[in-house]
Each structure stands twice: as C-alpha cells, then as structure tokens.
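Sharing a structure with you now.
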Amino acid sequence: MTPEAPYIFSGSSNEPLAKSIADYLNVPLRPTRIEKFSNDTLRLQLGESVRNKDVYIVQSLTSPVHRHIMELLMMLDIARSGDARRVTAVIPYYAYGRSDKKDAPRICITAKLLARMIETSGASRVIAMTLHSPQTHGFFDVPLDHLHSLRVLADHFKQKDLADTVVVSPDVGYAKQATKLAYALNLPLAIGSKMRLGDTEVEISTVLGSGGPTAKRAIVIDDEVATGGTMVELVHVMQKLGTHEFYLACTHGLFTGNATDRLNALDCVQEIVCTDTVYAPAAMDRLPKLRVESVASIFGDAIRCNNQGKSVGDLFAFWSKNMPPDTSLG
Amino acid sequence: MTPEAPYIFSGSSNEPLAKSIADYLNVPLRPTRIEKFSNDTLRLQLGESVRNKDVYIVQSLTSPVHRHIMELLMMLDIARSGDARRVTAVIPYYAYGRSDKKDAPRICITAKLLARMIETSGASRVIAMTLHSPQTHGFFDVPLDHLHSLRVLADHFKQKDLADTVVVSPDVGYAKQATKLAYALNLPLAIGSKMRLGDTEVEISTVLGSGGPTAKRAIVIDDEVATGGTMVELVHVMQKLGTHEFYLACTHGLFTGNATDRLNALDCVQEIVCTDTVYAPAAMDRLPKLRVESVASIFGDAIRCNNQGKSVGDLFAFWSKNMPPDTSLG
Amino acid sequence: MTPEAPYIFSGSSNEPLAKSIADYLNVPLRPTRIEKFSNDTLRLQLGESVRNKDVYIVQSLTSPVHRHIMELLMMLDIARSGDARRVTAVIPYYAYGRSDKKDAPRICITAKLLARMIETSGASRVIAMTLHSPQTHGFFDVPLDHLHSLRVLADHFKQKDLADTVVVSPDVGYAKQATKLAYALNLPLAIGSKMRLGDTEVEISTVLGSGGPTAKRAIVIDDEVATGGTMVELVHVMQKLGTHEFYLACTHGLFTGNATDRLNALDCVQEIVCTDTVYAPAAMDRLPKLRVESVASIFGDAIRCNNQGKSVGDLFAFWSKNMPPDTSLG
Amino acid sequence: MTPEAPYIFSGSSNEPLAKSIADYLNVPLRPTRIEKFSNDTLRLQLGESVRNKDVYIVQSLTSPVHRHIMELLMMLDIARSGDARRVTAVIPYYAYGRSDKKDAPRICITAKLLARMIETSGASRVIAMTLHSPQTHGFFDVPLDHLHSLRVLADHFKQKDLADTVVVSPDVGYAKQATKLAYALNLPLAIGSKMRLGDTEVEISTVLGSGGPTAKRAIVIDDEVATGGTMVELVHVMQKLGTHEFYLACTHGLFTGNATDRLNALDCVQEIVCTDTVYAPAAMDRLPKLRVESVASIFGDAIRCNNQGKSVGDLFAFWSKNMPPDTSLG
Amino acid sequence: MTPEAPYIFSGSSNEPLAKSIADYLNVPLRPTRIEKFSNDTLRLQLGESVRNKDVYIVQSLTSPVHRHIMELLMMLDIARSGDARRVTAVIPYYAYGRSDKKDAPRICITAKLLARMIETSGASRVIAMTLHSPQTHGFFDVPLDHLHSLRVLADHFKQKDLADTVVVSPDVGYAKQATKLAYALNLPLAIGSKMRLGDTEVEISTVLGSGGPTAKRAIVIDDEVATGGTMVELVHVMQKLGTHEFYLACTHGLFTGNATDRLNALDCVQEIVCTDTVYAPAAMDRLPKLRVESVASIFGDAIRCNNQGKSVGDLFAFWSKNMPPDTSLG
Amino acid sequence: MTPEAPYIFSGSSNEPLAKSIADYLNVPLRPTRIEKFSNDTLRLQLGESVRNKDVYIVQSLTSPVHRHIMELLMMLDIARSGDARRVTAVIPYYAYGRSDKKDAPRICITAKLLARMIETSGASRVIAMTLHSPQTHGFFDVPLDHLHSLRVLADHFKQKDLADTVVVSPDVGYAKQATKLAYALNLPLAIGSKMRLGDTEVEISTVLGSGGPTAKRAIVIDDEVATGGTMVELVHVMQKLGTHEFYLACTHGLFTGNATDRLNALDCVQEIVCTDTVYAPAAMDRLPKLRVESVASIFGDAIRCNNQGKSVGDLFAFWSKNMPPDTSLG
C-alpha cells in the first residue's frame, strides 16, 4: 500500500522555504489564498480539498509574530474542519521559545500557551526545529518531531580549512548541540559563560575549554541570532584571548534591531551562516558576509518519514549512533 | 457577606475605556506591564496578585488585531495560572465577528476559533457588546453577557429635535436592534435592503418602511462603521428619496481605510455618533462631526452584577419589559 | 488502495431514506435492532461488527424528537465503542435549528447543546442538510458537510412551464438559497418581508423585487414547512398583488399541526414539493398535491466522497462555479 | 458567613416532589417555563436569574423518558450558561439504570452515556437515589451523592405489627440494602434466587434464609417495581412455602405495563409501599393498596448539606454507625 | 490492502505471556528497555520506532502493582507521543477490579481512576480479560474488548472423567460465567452463597443447585484466586455435603499471602488450574498440583481481529450462538 | 468574611512534615486510613468529610515512588469526588523531575505525564518545592506555587562563621538558586562545571568564580542529594584547589544507594544540611553530621496564603525585592 503524497500548504511567513520543501519532496505546494481586510482581520482559504489527506501547514512564527500565529491557527482549523486525515504543523521557527518558565510572578509561560493554541486549533502533530529549551517538547500533548540543523551546518564547514579551529558555544545551555558540531568536524569545543543582562545587552565574561580559547579560528554556534549581542560580546572576549578569525553560525537568523550594523562592524568575522528557517530578505541584502543554508531537505525528510510511517530518528542516525551519549568539555 | 471588589486589568488596546469602567466602579485600574522585544514578541506581567480575586481583563480586539488577541490570551492565562477565583474577558469590540459561517469551502469560522482560544486560555466568563450575529453567542461554552449600547445612544438622541425623523437600519440583519432605538425614541423605523458586494463596495438598492423614506431627518444606526461604505450608500439613496438631514450612529466606530474622508464629504450629515468600544484617536481628530458616547457605565454595571451575583438582564429591564417581543416594520 | 465500502445504519426516524441512500450507493443497509421496554427506555443493537469500518448513522431528528435524538446518541456511542474507524452522523433534518441564539434571558441555545451531545456521543463527523442558519455550522467542533437540496428541486421545476414566473423567498434569511434556485431556473427573485409573530401566527407585510410581485406564477421556496403559516400568508399577500398560480417548495416537509388542512384550502396552489429528509407518511396521504423528491442521491454522493476522501464541494461545482459570489435582488 | 439559600427548579416530570423538597427547605420552588412547539421541540426558560446561585434542577427520568432527559439537559445548560455558581442535577429516578454493562455485543452502556450527557450539559454535581447498581457511581466524573430511601420505609413499617415477619430481597443484588431494612426493623432476612428471563417474564426459583421462608408475614423490598413481575413471582413462591401476608415495598414505583392489574390480583398483599421519586398519578388511582411515602426530606437534607458544606454521609449515620460492615444472611 | 502486522511490546510484569502472544501471532516481541534508578524511578525506552504502527502494550497489573501501573502508563505515553497509529493497552490482569463502587464514604473507585489514567496516558483501546464486574467496562471511554478464558479452561476439563461432576460458582456474581463452563462441559451448575467478611476471612454458608451439592466431584471456578480463602471454605462446605474430589479453576492465579500453604493442605483437591494472565513463578514452584493453561491464543486472536478490523465477538461465536441468553440454575 | 481553615491530609510518604505543617498552621492533621491488601493494592479513606472544604493533600513522591504516586492520585480523586471546594496537591518532593525532556528517542517525559495524572485525578492546584527545572512549571495546566527552601538554609548558615567562605553550585543549572543563597549570606559564588556521566558516576572537571576556588571554606548547595556522587566529586576537586572545610547543603536529601557511606568518608565535611521534604529516618541514623531543617513554615505560609487568597509571592519579597534580576558570577 503506497501512502498518498503529503499535501503541503504555506502561511505567509516563509513561503520560499515551504516551496523548497515541496520541491525536495517532488510534490506541488498547494495554494493558500490570504486576504487582509481594512480592519486588519484576515480571510484564509486553502486552495484544494484536504479531505482524508495528510496535510502539512508550514509557518515560521517570525515577525509580524502574532499575525503569523493567527494564520497558522486558522489554517490548522480549516484543515481539521475540512476533514483532513492528519494535520501537521510544521514550524521552522517557534516564537516565544524563551518564555518557557515563570522567572517572575504573574507572567505567562507563553511557549506553553502557544502549544495549547496550536493543539486546540487542530494540529495532530508538530514538526519544529531547534527549540530554545528541550523541555518545550513537554509543553505539547501531540507528537512532536524536534529537528536540528546541524547536518547542513556541518556540511557547510567541512569545506573550510579547519586547522587550529575551535567550536564555541556562547553558553552552557547550547553546549550539547555545539558538542555535536565539534564532534562532526573533529574539532575541540569551548564554552562561553554568558550572563544575560537584558534584551539588548549581554556580557560574556570568559570562555572555557582546553583547546578552545587559544585557537586561531573559532566557529561560534548558537540556536538563534536576534540582536546579535551575544555573538558580538563573545567575539570581543575571544579576540582578547588571541582568536582572530571567526565564523558565526546559527539555525535561526532573525537579525532584529541593529543586528546587521553590529555584525557588519566586526572585521574579524569571515562569514555568518544561518539557515532558511527565518525568511529575512532585508538581512540578506544588508549582511554581505551572510550565507544561508537551506534546511528544506531536513524538513522534507521528516515529512516523508511521517507520511510513510518511518522513524524520523533514523534520519539522525549519524549523530545518535556515532557519538558517545555523554561528551566531555573539549 | 460582601463580595470582594472586582480586579480590573487592561490590555493595550483601549486603556481609556478600561480606566473609565474602573472609575465608574470606583475601583483602581490594576497595572499591567507590557514589553515588546526586538523580535516582536511580548512579555506581559499583571502588576498585582490575583489569587482568589474576581478578575476582569478588558481588551478590545481592534487593530493591530492579532497582537491584541495575543495580549488578551496571555493575560487570561496569567490570571488563571495565578489562581484567580474567576477570570472574565471583557471584550468591548470582538474581532472576526463576520467570520461566523462557511460561505465558501475551506475557510475558517474564525469567530468560533477565537472563542475557543479565549476559553482555552482561561476565561471562565465573557462580557461582549453588540456582536455581529446573535448566533456567535453559541460559539462560546462559557457564560457570556451580550451587552448593547442602545441605552447611551438613546439618551444621546433624546436631547435632539426629533420631528419628522425616522430611525433607519441599513439592512434587515440589524433591524431588531434598530427597532429598539426607534421604540425608545418613539420614532418610525425604516430598513435598507443592503446587498454587500465586497469588502469596500456596497450598494443600497432601496429603503423600506411606511414613514421612513419620506422623512426629513434620519438617524441611521448600525453595529459598526468600518470603511463607511454602507453608511455613505444609504445616505445617497435616502437623499434621492427626499431626506436631507442625517445622524449616523453605531456602536463600534472603527473608521478604517478612507472612512474619515468619505464621511467628511457628506455635508448632509449633522453628526456621527459612536461609542468608545474602539479607541480611535486618529478618527477623533479627523472627524470633526464625531461624538463619542461612553459605554463605561454599561460595562461597569455588568461587571458589578457579575461581581455581586445579580442578574445582568435586570440592567436592561427597560428594553425587555417595555417592548413587545416581536415588532413590526415601522 | 480501494477504501472499504461505507457501513450504513439507520435509526427509526427515516429508514426509507436510509434505504434509498444505501441503494444509491449499492451497499446494504446494515440491520439495527431497536426494542422499547415497558418503562419507555430503549435497547439498541447494531446488527454487524463495525470494527475498523467507516460507519454512517442516518437519523432525522423528527417527531418524536427526543426519542430520535436518544437513538442517534446511542448508535453513535455503540459505533465508537465498537471501534469503528470513523463514525459519521448523517442528519437529514436537524431539530432545534431555530434555537440558535439567546433572544430571551435564561433560555437554551439548544442547537448548540445538541451539537455537543452528538460529538460527545461519538460522532467524528456530521453530514446535515439545509440547516436553519449558516452559523449553526460553528456550533460543531467536528467536520460538518452542509448539503443543500437545490439540485433536486431545480431538476423538478425545470420540467415545468416557467413563463412569467418568479422565485420567492418568504424572508431575507433564506434569500441566498432562493437566489440559487432562481439562477438555476433563469428566473427573477422576489423576497417577502416576514415578521414572525409567534409559533403559529405569521404576517407577511409585503413582497419585494423588480419582476417578482407582478408575475403570474410564483415558486415559493423555504427551508422547512412546519405549520405552513408562512407559506399561507405569503400566498395571500401575493394573490392581492396579482399572482394566481403557486408552487410551494421546501427541503424539510414537517407538516405539523393543521398544516395539511391549511395547505389543502389554497386552491391557487398547483403543487407542493418537498424532499424526503422528513418521513411523513400521514402528510403524504392527506396532501394530494404533495410531490416528494428524494435527496438520497445527494446524501449518497456526499457519503461516497467522504468514504473515498474526495471533496464534497466538488459535488456542488455547478452552484459554486457558475454563480457570482454576490447576487442582487431580482 | 451564611451561605445563600439553594435555588430549586423543577422539570416537568415530578414537580410535586420538587415542591415538597422546596417546602421542606422552606425556600420557594423557582418557576420554569416549558413550552412545546408543534414540531415536538421544547423551549425552556428558567424564571429567575441564577447568577452566582447554588442551583438544583430536580427531574425524575420517568416516562416520557427522552423528553424528560432533554428537559434536564437543557435546564442544566441554561443554569451553567447563566453563570450559576454550582449546578446540581437532582435525579430522584435515574433511567437506563439496567443498561450498565455490555451483555451483548454492540449495545450501549446507556447509563454511562447518560452520565456523560448530564455532565457535558453542565451538572457540577449529581444527587440520585437508589441506583440500580452501585458501580453506576463510577460512570460519573462529578461528585455524586447516592441517597437511599430506607429511612422513610423503615419509619413506615415500624408502625406495623411485625411479629413473625421476614424482610425479603427478591435477589442477591439487592440483599445489601434489604439487610439494612431488616436490621432497622430487627427482623430476619430472606433472599430470593431470581433468574431474570426477559423484560416481562421472571421466575423465582427459591427463597433462602434461616427464619425467612417459613415466616407468616413478609416485607418484600426491591429497588423498583416496573411490570411487577418479580414481586408477583416471589409472592407465589413464598405462598407455597407458607407465607400468607405480604407487604410489597420499593423505592421507585414505576408500575408500567399491566402492573396495576397484576398487583391488584394478589389478595394476600396487604399494602404496596413506594416513594414519590416517580410521579405516577394513574397508578395511585388504580392501586387502592398503594401507600406513597415522600422522600422529600431525604433530598431536602442532602441539598441542605450540599448548600451548607456539610457531610451528606452524616445524614445516614444511623445506618453506617450502627451496622456491622458485613452482614450475614438472616 | 494487507494491514501491517501488530507491534507488540511488553512491560516487566508478564513478559512470558507477551512472548507467547507474539509467537502465536508469528511476530517478534519488540524490545523494551527498562532501567530502575537508585531513587526508585524508572526509565523506559521502546526499542523500535512505532510511527504509524498498530501498537499493543502488554502488561498485567500484578504485584508490585503500582510500579507495573506506572510502566504501563509510561509505555502508552511513549507510543502515543511516538506517533503510533493506534495504541492498545493489553491488560491480562486488571488491578483494583474490586474497587468498583463506594461502599464506604470517601473512598476511591480506583477501578475507574485507573481507567482514566490509562486513557489519559494514551491508550486508544483496551483489551482485558475477566474483569471483576461487567460494569467496569463502563468506566472506560475508549473501546474495550472484554475477553474470557473459558475456552482454554473448557478444553482442559474436556479431557477429564466428568462423571457425577458439578461445576460450582463460589457466589452468584460469578454464576453467569460458571454457567458457560457448565454448558460447555454438559454438566450441572451449583452456586455457593458467599458472604465476604474481610480481606482474609470468608465464610461459605451453603451451596445451591439441583444436581450440584450431592455430586461426587466438583469443578470450582472463580475469576481469581488470591489468598485462596473462598476456595478453601467452599471445599469444606461441599465436603460436608458429600463431595470428595475437587478441581479448582480460575482465570487469575494470584496466590497471595499464604495461599499456597492453604491450598496444599487440601488433600481432596486433585488439581488447581489457572491461566497465565498472572506470572507467578513462585506459586508454580510451591503448588505441585497447579496446571497453568495459556490464554496467549485468546489474546492473540483478539489482537489479530483488532489489527485486521474483524469482529472480536466472532471469536466467541461458540458461546454466544450456542447458548440461551438467560440460563437457569443447574 | 473569614475563610474556613485549610483541611490537611497526609499520604504515607512524609506524615511528620504534614504534621509539622498542620501544627504551624494551628489546625489538626485530618486522619487518613490506608490499608494494603495481600494483592498489593491499596484502600484509602479520608477520615473526615471534605464537602466544600479547602483541602490540601501532602505527599512527597519518594521511594517507594509508585505506591506514593498512587496514594496521591487516589486521595486527590477522593477529595474531588467528595465535593471539596478546592483540592491542592502539596508535593514537597516531586519525582521524575529529571525526566523533563526527550534526550533519546521513544522515552517518556515522565515529569509531564505525572503532571497530567495529578491534574486528571482532581488537583485544582499544586504546591511544590525546588523542582529540578523551571520549565516543569509549564507541564502543569493548573496553578502551581513553586516554593524554595533558601529561607531556612540561609537562616541556618547565618549562625556560622562565614569568614573566607564561598557558596558553590555544582553546576550551571543550579547557579541561579545558589546565587540567591550567596547574596543572602553576603558571600562570593563559585560554579562547578559538572559533566554527568551516568546514574552513579559523576566527574567535576573544574570550579569557576573569582573568589570561590581559593576560599578556605565552601558551602556546596544543590537541589537534591541522591547517591551523593556530585557532592563527593566536587569536594575532591575543591580540595585540590585548596579548600579544606565543607558544608554540604540541599533541599531534598534522598541519600539513595551508598550515599551515607560515601558522605561519611569525607572527613573535611563539617556538616550536611538538608530539609525535611524527604522523610529519611535511615539516613538520619546513619549520617551523624546530618542536620535537617524543616520547611514546614514555608509550606505553611504558602497554604495560608492560598487559603486566605493572598499572594504567595509576597512571602518571598526578601528575595525578589532585594536582589537584582540578573546576577553575575561571584
């Protein structure tokens, strides 16, 4: 029995990625009609019947965040009430990832609230990439595939000269993922001790790791770059320690605020690498050192596994089989 | 046993109305701290403990609609998870009211979806005003008080010279409410036969009603004025029929698109009257004929009834007791 | 992969229609055993295993309404707990359609309550025909296919002499559907201005529409005929305006109270046409002018689409493709 | 803090009992307006605001069972959506009590389905009396007070000459309750070995118990009397064993089918005693030996305990404290 | 279309039975990795991807009951969140079966609570065997197949000399099942009148049934044997009545407390027969007369029917077709 | 209006703490009757009516973890179905805290599963202390008060000679809490870089922080001590760096495996301090250096705030008001 092909629809946040995923899977991107009325409300229509189909709604929750959230919820609701067999929310960039705990009284764990909204609207499954904290997985009641972009980033850096190079995680929270990149590139790992001081200011006090701080070159890897403050601080700290060539890499290239100006000002940076989870044409224009690697194949593979009932975990066999379960500081 | 006073918080959409409601009830408007980060996400914090309190979150779902929706959902979630005794969403203007049916395949009944979001986020009750269709009530599972602004509008017009005046409903859908205004003012009623032709274009083909079409003056009353197209068309039709003085009245004064220009161009209009369910400072500046009547007392009375366990219906005894249950065309 | 055939069961309200649907689909009507005990309770048994089957429970919610509701709920519960793959409630006539709003305090939006009962009992989908208001769709959380009978009614009237004939909707609420019939028959449309005055009394004050009121013949079309009061009033009004030949048509022929006597007394009526959504053998006996057109093919097509995962909307391509989205008064 | 008085409303099934309960509690029975339309549907309106009130809806699920069920569900829904503080369904007679298991494939555990309907409609608590099986309690997710009528039955029989008398349970299932009556009257207990053979036929094969079968007088006690078949059979069996004077007692006197004729034919029966959980004026007329004892005080006490936050169990302290937890055959 | 084979996993409570079921179905028992940490918590991992698979989790809720419950809940949760197509809890022995009612105030209907836990954790269906009361079925909202072991017990006894033998149910509650065994073996039935006096003490007062009490041999059949008290008492009572050869049979052989000593002390017992729903290697060692018959084929057949969408009821056609629906006392 | 006093019940895991909390609040600890049957199942009974009471169920989820979980779930269910006004689960030690993410495929986020079980069983609120990760808060849908023990630990250490002392967090994850202790004691902070290598083995590679590593004395503070491995390693690392006097402190003193032997072997440890969230009489006997500080007052204050509708946050005003929101490395 051959399963029917996945039906892929896209919200307005990142249609280029949705198109790439559909192309990778060799299926059409199904049309979605989105109208905005004078009173700021939306009217969405899925352009094809979804009855008994395996539907995937692709939407990155980037700025304007709340309109994109509403589009996603509406599309999920349409698919469910249109009697789709399964409805999967494909969320390359999940907003409100840092709102995952109550670090002050009477605030909202918005990452959880958003998860409930997505489920209530009709998602029977979710596919996401590089969530801010692994616990966010537990905010969902429906099955969630948590993908990672390391495969494409590793492939990118394998083509570089990696002599006397260290992989650096800006903080301990991301160290586990950075370790995997270091392992794949056969490089040592260093970790910054980041103390976040607000939304825009960040101070990196030191960098740890045997081989790292004294390396000539550094690949700094983080989950997302927003204002770029963390990256800029880490580069400054490491420059003082002797590193003078930098590659900055992340999954989610938001480049908000004056990130592009800040990053352009760093002459020691050879290249900035991000993926296409966030569609940011302005940043692409203004950051000449930016290289965008597509994660369409990773999402495509996950969708194919879902559609055909195969293990998504097998996609990442390289990482899970070849690496020791616990890795020490480089 | 004296019930504890209501705790009123306001989102960012219409803090002046929330303040008026609190003033009317002689309670403080409790502080809410709203921050927006560079990546367009929000952080909200209720400024006082809500534990075991009777909490009211006031938020009009006006433009920017989706940010205001998210604020509401987050505030409801904070109140619920902060262990409020009851959490009431007070929604002076409910967005997506016209998205109450599937008049095309694979669209969203967004008024229903929004109701579910509000309930899922933590509202144990809802207070709304002049919903687009009465069936919207049935989209909610939690108790809903459906308020109307007619009391303040009637009080406003009672001070006018109402000789040879007719109350006009632009279409049959709103006729039931218009009838109540006509009854309160002891005036005849006329009804336009509106055929909506799109989001911006509207054609009014005729106006029905014994005394209405030939009257010298008309009070045109509708639930909301968005682009103003319906009002403008109706005025043009009635001018041809001999009416030459107009009062335009509505509950929700959205004044979107080029509404202010269109309405300013109508010399025959003496006054435009709306309420403060929508906070529209720009319209107030640009519409010199605009009079805004506050519905703070209506919301205040409803909140007091809720808080003290009294019937909200009694507030409207005037309407329900003095009027025949079915009223004929004027 | 060929989907398995639909499994169709019938409650006791309209087994003839269920049988016609099954015949149309060339599948057997599966047996249901219904016993009534001396204490008025029921015992129902589905006569065949439904494990992993695509089950359709056909039940019209006609008088005795509450017994028929209970039968439906019990059959849905049996199918669900019998591990059917999908359970679809097929409800040719939905009761309590007019209880869709709170037009008085402390009454029940019973159309919503009933929707929740149907879902709670086990319906994973619903197929209904000509609901009283389009908003009723939003009372359901599960997918709902809202069918219309216009195809069979149009086919019926196409065989008549339609010279100097107008299609008349008794009120504005049904005008949208009546427009479709007028369009299909290439006839003008007229609309009555109905003011409902109670359960049994109705007054039609006038009839609007350019070509309509002066036509020689009228096809009056409504969603349902209960006591017949609306129809009788409209005929009287139009007779005074000069129309002297009438066809009365509706989807749901309930013919309650003294409807048959009232309608028989109208000599100017040539024919009364309804569909078989309501099984009313007594009315058939007593109304010699009654013609009952079967909607079995419409339900059958919808079930086939559901069963095979095809778009139900495509069934109505004629209506949706050939008609302008907004139509003006005839 | 004095809790507010309970608000008691009654459906149409047993208003006399509801009135008695209200009288016992010295509170008014609040008005309910029930209309039936020509199409068999109902319109219910609670006659007073229930906002923040402690509401009790009294409804026995007697014939016409399904209409009475619908009334109950509608009244619960009205009370909940009218923002009552708590809504308690008071169900003196619960229908479908015997449908508590699947003793055949593809039938409905209707006692469970009904429980879900009651909860979904808005009951936050339930008060019931003498459910058919104690496991039915577990079908409810909301708190349930399971009352028993033994107090009034014991008081009734204490006034009789009880020399050489045995209390008889028609079957083992009811023995536990019968034991309590025997204990309260200081009488031995006997148990029939009933084998139910259908809805109308019943065969009692024998009667067990040391003192019982040879007693001169018997008080036969069961949960309900429907067709009376069980009682008649038991009387016949015991007559052969030497008993020649009978009192027949039950909680729920349904007296369906030809029960009155059957029971009237038993000359050896001195008295038939039931309670007023079922309102059966016809039976009262036709059964001259019938004595109806009111359980209004039991329901009243339970409602008072609920309203005032006291233990309902304490009401039955006599039974629970004075009796051994396990009792042997008399 | 050939359905994919069932995926069977086993908790730690009864892996031998799970293995037998898998062998019977000719599918592998999929690996489960269970670790226990020093703080008594568990870590479970399903050893193969379950995406889109038809998953069966086999777990008997035997001692240590609460650890086994937790394992079951965790495995269900893993399977659901791993996106299994369907997740069936296969529970050969269901714990807390006797906690099915509130026979004292403020106790827990734990059989219901457990059902909710199982459903909340992710079971979309349940397969159980010989539940203590048939009403327990109604505690579940998901489809449940209630299997019985009588087929294997009957096959076992058919090979014996059954002259002058009676089948005995220790109490009326189990009589219905015992009747089926008697019918299958063409033997008369007797029933003990058991009065349970506590957890460890039991008194059997008498044995009823025409042919039974005076028979030479007895097959005593019960749902479970825990401390063995019921069985021992019944044997003593029947010995006094003249029976001197006993076969003790049950579905669930728990053999708790000093059951093995008690049963070994009964010389008149020829054989003790139970099934492998409970894995009790210690009892097997210490009870030389014990014969364990496997119910793997019954579970296997039920799983196959579920997996292939066939009626489980057909498996028991022998019982349901060949027996009268109501059977009288032997 | 004076709220009624809280009703406190205790499971079997930590009755001494429950008693201390009740004593602190000057209310009785209400009786709970817990029986264990021979088949390992439990029967629990709350000893007093909870109708309309504000109920608190105190249970630490310590070993035997699964029995204690089941007790908690049963007690919550009893309280809810006994119609308590509110039911609060008070969980001094929450089990499965480390199972808060999927760091391997097909494992269970058991901390989330447990949260759902607790809510499903009837908890309307939860009070917990020092959860392993702050994101665990988001696993709960009901309000949760997350308490911390730092107040009592700070009070304990304030009485010591704190010259040349550093507060040490074994890893970055706990640094935020450790910072608060350092701040309260006016001491510098150091952080270990822990790399967990398994359940029993732990390696501390280094210790960071300006003043820390070279201090003479260290107060090592962690959330829990299980096998003690982390503490032992950290002591060894710091000894090499020159520290020679240690105080080991934690909230949850589990002392599993051979923790007592390991800790007793450390001569340089002056004192081990934990709280009474875990009842560990064996550890108390075998660890002569152990000091147990009671958190009864912290739980008591939180319960009082809940019961009286006051802010729990105010309890911790010292911490929240006096400290900068972000603190740098000491």
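Per-chain residue numbering starts at 1, and chain names A, B, C, D, E and F are given in the order in which the chains are listed.
The rule we apply is simple: contacts are C-beta pairs under 8 Å (C-beta built on N, C-alpha and C of every residue); 3 or more make two chains touch, one makes a residue touch a chain.
Note that this is a predicted model, so its numbers are computed, not measured.
J.: How many steps does it take, at the fewest, to get from chain B to chain E if each step moves to a chain that touches the one before?
T.: 2
J.: Please work out the Cα centroid separation of chain B and chain F, and write it as a whole number of Å.
T.: Centre separation, chain B to chain F: 50 Å.
J.: Distance from the CA centroid of chain A to that of chain B, rounded to the nearest Å?
T.: Distance between chain centres, rounded to whole Å: 41 Å.
J.: Starting from the mean Cα coordinates of chain C and chain F, work out the distance between those two points in Å.
T.: 63
J.: Can you list every residue of chain F that touches 2 or more other chains, as numbers and ranges?
T.: 1, 48-49, 81-82, 105-106, 109, 311, 313
J.: Quick check of your reading of the touch definition: is the inter-chain graph here a line, ring, star, complete or other?
T.: Its topology fits none of the listed shapes; call it other.
J.: Could you run through all the chain pairs that touch each other?
T.: A-B, A-C, A-E, A-F, B-C, B-D, B-F, C-D, C-E, D-E, D-F, E-F
J.: What residues of chain B sit close enough to touch chain F in their complex?
T.: 1-2, 48-49, 51-53, 80-83, 85
J.: Okay, in this complex, where on chain B does chain A touch?
T.: Contacts found on chain B: 35, 37-50, 62-67, 69-70, 73-75, 77-78, 81-82, 95-96, 99, 104-110, 113, 116-117, 120-121, 199-200, 226-227, 254, 256-257.
J.: If you look only at chain A, which of its residues touch chain E in the complex?
T.: Going by the criterion above, the answer is residues 1, 125, 142-144, 305-306, 308-314.
J.: Taking the touch rule as given, give the residues of chain A at its contact with chain F in the complex, in rising order.
T.: Checking each residue of chain A against chain F gives 100-106, 109, 111-112, 133-139, 146, 172, 193, 195-198, 203, 205-206, 208, 311, 313, 320, 326-329.
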